[in-house]
Amino acid sequence: MNHVQDTADEALSYQLKDNLHRIKQDSGNSSDIKCREVHIEISGAASVKGIVAYTDGLSDSQALLNSLMNGPFLFEADSGHSSSLLIYLKDHVITESGVTEIESITTLFDHLLSGDSILLLEGSNSALAIGTKNLKARQVEEPNVQAVVRGPREGFTEVLSWNTAMVRRKIKDRRLWIEKKTIGTVTKTEVAIAYIDGIVAKEILAEVRQRLELIEIDGVLESNYIEEHIQEKRFALFPTVFNSERPDVVAAQLLEGRIAIMVDGTPFVLIVPAVFTQFFQSSEDYYQASVFSSLIRLLRILAFILALVTPSFYIAVTTFHQELLPTTLLYNLASQREGVPFPAFVEALMMEVTFEILREASVRMPRTIGQSISIVGTLVIGQAAVEAGLVTAAMVIVVSITAIANFVMPAFNLGITVRIIRFLLMALAASFGLFGLFLGLIVIVVRLCSLHSFGVPYMSPLAPFRISDQKDTLFRLPLPMMKKRPVTIPKENNIRQRDR
Amino acid sequence: MVLKPRTRIGMLVVIGTWFLTGCWDRHELNAIAIVVGMGIDKVGNEFRVSVQIVNPREVSSKGRGGGGSLAPAVTFEETGATLPEAMRRMTVLSPRRLNFSHLRIIVFGEDVARMGIRKPLDYISRDSEMRNDFYLVVAEGASASEVLKTYSAMDPIPSNNLNTKLAISDDLWAGTGKITLNQLLVDMATQGKSAMMTGIRVTGNRKVGETMENNRRIVPEANLVYSGSAVFKEDRMIGWIDEAETKAVNYVQDSVKRTLGIVSCPDGGKISLSVVQSKSNIRIRMNRDTPIINVYLRVEQDVSDVECNMDMSQMSTIDWINLQGERKIGDIIDKAISRVKGQLGVDIFGFGVEVHRQQPKAWHRIKDWNEVFRHAQVNVYPHVITRRIGTILQSVEHQTKGRG
Amino acid sequence: MFSSQPITNRSFTIMVIFFMIGTSILIAPNALALNAKQDAWLSCLLGVVINLLLVWLYVVLGERHPEQTLVGYSEKLLGKWIGKFVGLLFALFCYLLASLMVGDMGYFLTTQALVETPIEYLQMLFVVSIVVAIREGLQVYSRVVEIFFPWILLLFLVLIVSLAPQFDLDKLKPVLEFGMAPVMKGSFSFFSLQEMVVLLMLYPFITKGKGRGRGFIIGTLIGGIVLVVTTMGSIVVLDYTQTANNFFPTYVMAKNISIGQFLERLEGMMMLIWILSIFVKVAITFHAAIIGIAQVFRIDEKILIWPLAIGMIVLSLMCYTNVIYVQHFLSLIWTPFASVFMLVIPLILLGVSLLRKSASVG
C-alpha cells in the first residue's frame, strides 16, 4: 500500500464553482460522491445557489434537502453575505443534530467521507457539515466467538458509536470517560479509549495514550493493527493484550481499572493491561454459581496443560521412557505400533498438521461445505489412516484430545499460542524425552514471567504472588467476598463493595 | 550482549540441526522387545540366561495377527560368562532390542541358587532399566528355562501368570512369599536375617507344557505351581522349607495378610478358620549373652465352615475355637522354628534384626548370629480372636442331625 | 534492567527453599547413609541445624552491609587488592559449584534416564535454558520460582503420601547405634552440600527490612524439613544398605511407588522435582558467579553470560571424570574446601566488619 501524501490543506473558495470543481477533482470524479445543486429561496431576495454534497450510501440527506427546500426563509438579507445565510440555516432551518462549520477542503472531505452531508453556498468560503450519517451496518447480534450459556446475548458490532453506546448502557456514570482519536493516515479510523475516571491508574492511561500517539500507519482495519503496535515485545508468543467482543466483559474490565481501546470497524475491543490468568476467565464465570465457576476454571487450566503437552508427553513416554507406562498399556500400545512405518514423532507431527489443515479448511470453507469437511476429517483421516496402518489409534486419540482441549480455552488467541508451542515441545520431547519436555516447560515459564503488559507483570497475581487476588484467579469466590478490586492492576480506588 | 536478529536466526538453525541429530535414546515401541521374564541357570562355568519376550500382537485385545496363531511370548536362551555378556549376545537371537523395564519375574534355577546368586544380582541391581516391581523365585527340581517355556493357563504370558499368581497367593494364602529385588538385597546384606525365595515347580507333562496344546485343555497338562520356599545362607541356597513352614515365617515376620487354617472338632470333623488379620510383635530379652525371643501374635479370624456338630451359639464354643486356633498357629510356628534351627541353621525369621534393633549392645557382642540363633529360646504366644462366623449360625450338620 | 528491582521476601524465601533442596534431594541421602547408616535422618537434621546457624551468620553479615554483595563488602572491608582477590575466589567458587551441579545433572540423566544420549548435549540444553533465565534477570527468575513452588510442593507431597504404605519405621531402629560420631561425620559432609553462602550474592537485591533475614532462615528451615523427610523416606523404604549403595536413592525410592495397580511408575515426578530444583539452584549459583566476577572487574554482567556458560559445560566435563571420582571428591575434599567459603570467609568478613565498627566508634 502506497503511503498517500495528504494533499495540502487549502481553504475553501468563495466561488461555488471552484469548490465544486475541487471536490470533483480531489475525489477523482468518484461516482459515489454526489453533488446536488439547490437554490435556497429567501423571502424578499434572490435565491442563493448552493450545493449539497454527500456520499452515496453513507448518508441520508433526504430530511436535509426537505428542510432546505422549505423556503422562502425569513432571512434578513441586509448584510447580503452568504456566510450569515449559512449561520441562519444552521440555526433555524436544519433539523439534524450534528452541524459543524468547516473552512478547509481537508475537513470537508473528512466529514463528507464519514457520511456527513456538506452544504456549500455561493459566495461563502465556509461550509456546513451536517450529520446525516446513515450507516448500513450489521445489527447487534449474539457474539460468535465468545458465546455463553447464561449472560447477555449482545455483542459489539462494527460501528464504533454503537459500541460505545453499549458500554455506556452498562455503566451509566459520568465517570466513564471516552476519548476519541483518529489513527491511520489514510483510513482515518476512529479509535476510542474508554476508562473509568477515579479507578483507572493515571500512569497506565498516560502510557496507553502515548503508545497510541506513536502509531504511524496508513490504515487500521482491525484492532489487531493497534494491538501489534502497543504490545511490549514484537515476537511475544503469548498475547499481552486482551480482546473481547462482549460489552459485559468490557464493562467488567473497566470496573477493575483496565482501559478499553475500541476501534471503528471491528467488534473486537482491546483491553489492557492483560495478565495471563485473565485468558482463562470467561464472563460467564460470574454468571454461574461460584463453586461451578471455580471448577470450570481449574478444568480450563487442565485443558491448557493437556493441549500444551499431551502429544509431547506421549512421544517422550512411548519412545524414551517405556518404564513409565503401565505394563498392560505398554502391550496395548506396542501391538498398535506393529507395522506402523513412521516414528512416533513423525506420526504425531503428521496428525497434528493434518488436524491444523482441517481446522483451517473448516474456517475458510463456505459454511454449507463445512459439514463435509468434518466428515472427511473424521472418517478418512482418522479411521482410514488407522486401518491402513499409517498411524496408531492411540495417536489419533492423543491428537483429538489435544485438539478438543485446545478449544476449551475461552481466549482464542491463547489457543493459537498453545498450538505453536506444542510443536516446539514435540521436537524437544522427540530428541531428549522428558528431560527436553521439562526444560521446554521451564523456559516457557521463564518467558511468561519476563512478559509485561503495560507495566503489569504478566504472571501476576501468581508471580509476584498476591494473596488477596487469589479470590478471583484460579478460583472464583462468591461475589460478596470480593470486597476489593484486584490489586494486580494498579488503580486509584480499590473498594468494590463497602462493608455494611 | 544484545544479539542481532540475524545472529538469533543463526543460533536457531544451529540448535535445529542439533535436534535433528538427536534422538540417541529414542526407541520406538515396535523396535523394543518387552522382556517380562528372565531365567538364570548355570551351565558349567557360564550362565545360561533365558528371557521371555512378549509378542504384543498376540496379547493385546485387538491384535491384528489373527489371534492365537503365534505364540504370545517367545523365550530366548543364551549363555555367557557373565550376565551382561549373555544379554548382549542375545542380540543375535532377538530381532529387537531388549527392554527390561517391564520385567515381571526372575526365576533362578536351583543349581545357580545353590552356587550363589550374588553374581547375577549385581547386574540386575546395577542396570538402570531394572526396577523393583518384579518378583524373584527359585525353580524347584527344574531349570529356570523350563519354567519359562511352559505355557500357562488363562494368562497367555507365563511370566505375567507367575507374577499375579504369586501376588494373589501371598495375599490370600500366605504359603508363599513374594520377594522383590530391594528386599532380597536388604535381607542378604543384613546379618540378622537370611534370605528366602518362593519356589516354583513344573507339574505334569513338561513336553506338552511347552506346546500351545497345553492351553487348549480345560485341565492343563502341565502347570506352574508355587510350593514352599528356598532358604539361603548368605547368597547360597541351602535347602527348602515347605508350605506350612513358609506360613510360619510369614506369621513371625508379620507378612500374613490373609490365610486359612483347619482345626479338628472333638467329634472328628473339621472347622476352617480364615485369618483376616495378623499382627506379630517380637520382644527380645537378654539372658546374659543368649537372647530370649518372645513372639506375640494377635490373630483375627473368621469361621469359614463348620463340618461337625457343635453348638455355635455358645460363647464357650467360640472360646474353644480360639484356643484351638492358638494351639494350631503356635504348633506350626514351633515346628517350623525347630526344623529351621535343627536342619538349616540359619535365621530366616529375622529374629537377629530384632535383636539388633532392640538390644544393639548385645548384638555387637554376637559374632555369628546363626550360631546364637540355633541355641536361642523362642517362645510363641499367639492370641486368637474370632470376629465373624459367616451368614449362618449353626452348622448344616447340627441342623440336619437335630431333626433326626 | 539487570537485577535492579528488589525481589520480594516471599520469592526470596522460595528461592532459598529451592536452593536448599537443590541437588541434595537426590544425592544427599546416599552420602548420609554411608556415614550414619539408619541414623542418616538424624544426621540430616543436625546438618540442617548447622545450616541454620550458618544462615544466621550470613544474615548478620548481610544486614551489616545491606546494600552490597559479599564480593562488594569484602573489597570494602579487606582493602582493594585483598578484597578483590577474596571476592574473585568466592566468585570462582560459585562458578565451580555451578559447573559441578551441571555435571551432577548430566550424570544423573545419563545413569538413570537417558543412558545413550551424550552427556554434552544434555548439559548444553540445560545450560542454554539457564542462560535464557539469567538473561531475563533476577527479577524474572525470582517470579519463575514462585510459579514452580506450588508444583514442586504438590509433587513432593504426592510422592511422600504414595510411598507412605511402604514405610517401615522399624528400619530406623536402633537409634544412635554407634553413638554421635558417625551422625556428626555425616552431617559435616552434608552441610557443605547446601552452600547457602551463595545467596549472599543476591542478598542486596532483596526488599530490605526484617523479612529478608527471616525469609532466609525460614526458607532454610522448610528446605531442611523437605530434606529430612526425604532422607527418612529413603531409609524406611529402601533400608539404609540400599540407600547407601544407590547413587540416586531418592529416584530409586520413587520407583517403588505402587498403589493399587495403577498409581505406579511415578519416578518421572521425582525427575521433574529434581530438574526444577537444580535448575533454580544452578541459575542462582551461576548468576552469583557472574555478579561476583562483574563486580570484581567492574564489567557488564551481560557480556559474561554466554562465554561463562560455555565454560561451565567444559569445566563440568573436566571435573566429572567419573562418578567415583566425584564421590571421592565430595566426601574427602569438598567439605573442607567449601567450608573455607561457607564459614571461614564470612567469619573473617564479619570479624573485620565488627572491628572496624568498634574502631570507628572508639
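Letters are used for the chains, namely A, B and C, taken in the order the chains are written, and counting of residues starts over at 1 for each.
Simple rule for what comes next: a contact is a pair of C-beta atoms (placed from the backbone, for glycine too) under 8 Å apart; a residue touches a chain by one contact, two chains touch by 3 or more.
Just so it is clear, the model here is predicted, and its values are computed rather than measured.
The chain with its C-alpha centre at the largest distance from the centre of chain C is A.
Looking at B-C alongside A-B, one finds more C-beta pairs in contact between the chains of A-B.
For this pair, chain A with chain C, the centres built from the Cα atoms lie 48 Å apart. A separation of 41 Å divides the Cα centre of chain B from that of chain C. One finds 66 Å separating the Cα centroids of chain A and chain B.
For chain B, the set of residues that touch two or more other chains comprises 22, 25, 131.
Of all residues in chain C, those touching 2 or more other chains are 113-114, 117, 121, 264-265, listed in ascending order. Multi-chain contact residues of chain A, defined as those touching 2 or more other chains: 320, 323, 432-433. Interface residues of chain B, counted against chain A in their complex, comprise 19, 22-23, 25-30, 32, 34, 36, 54, 56-57, 59-64, 99, 101-102, 104, 129, 131, 160.
Remark: chain C residues 8, 10-11, 109, 113-114, 117, 121-122, 125-126, 129, 132-133, 136-137, 140-141, 143-144, 146-148, 261-262, 264-268, 271-272, 275-276, 279 touch chain A in the complex. Residues 111-118, 121, 124, 128, 170, 173-174, 177, 238-239, 241-242, 252, 255-256, 258, 264-265, 302-303, 305-306 of chain C touch chain B in their complex. By the touch criterion given at the top, residues 318-320, 322-323, 327, 330-340, 343-344, 427-428, 430-433 of chain A touch chain B in their complex. Listed in rising order, the residues of chain A touching chain C in the complex are 320-321, 323-326, 432-436, 438-439, 442-443, 445-450, 457, 459, 462-465.
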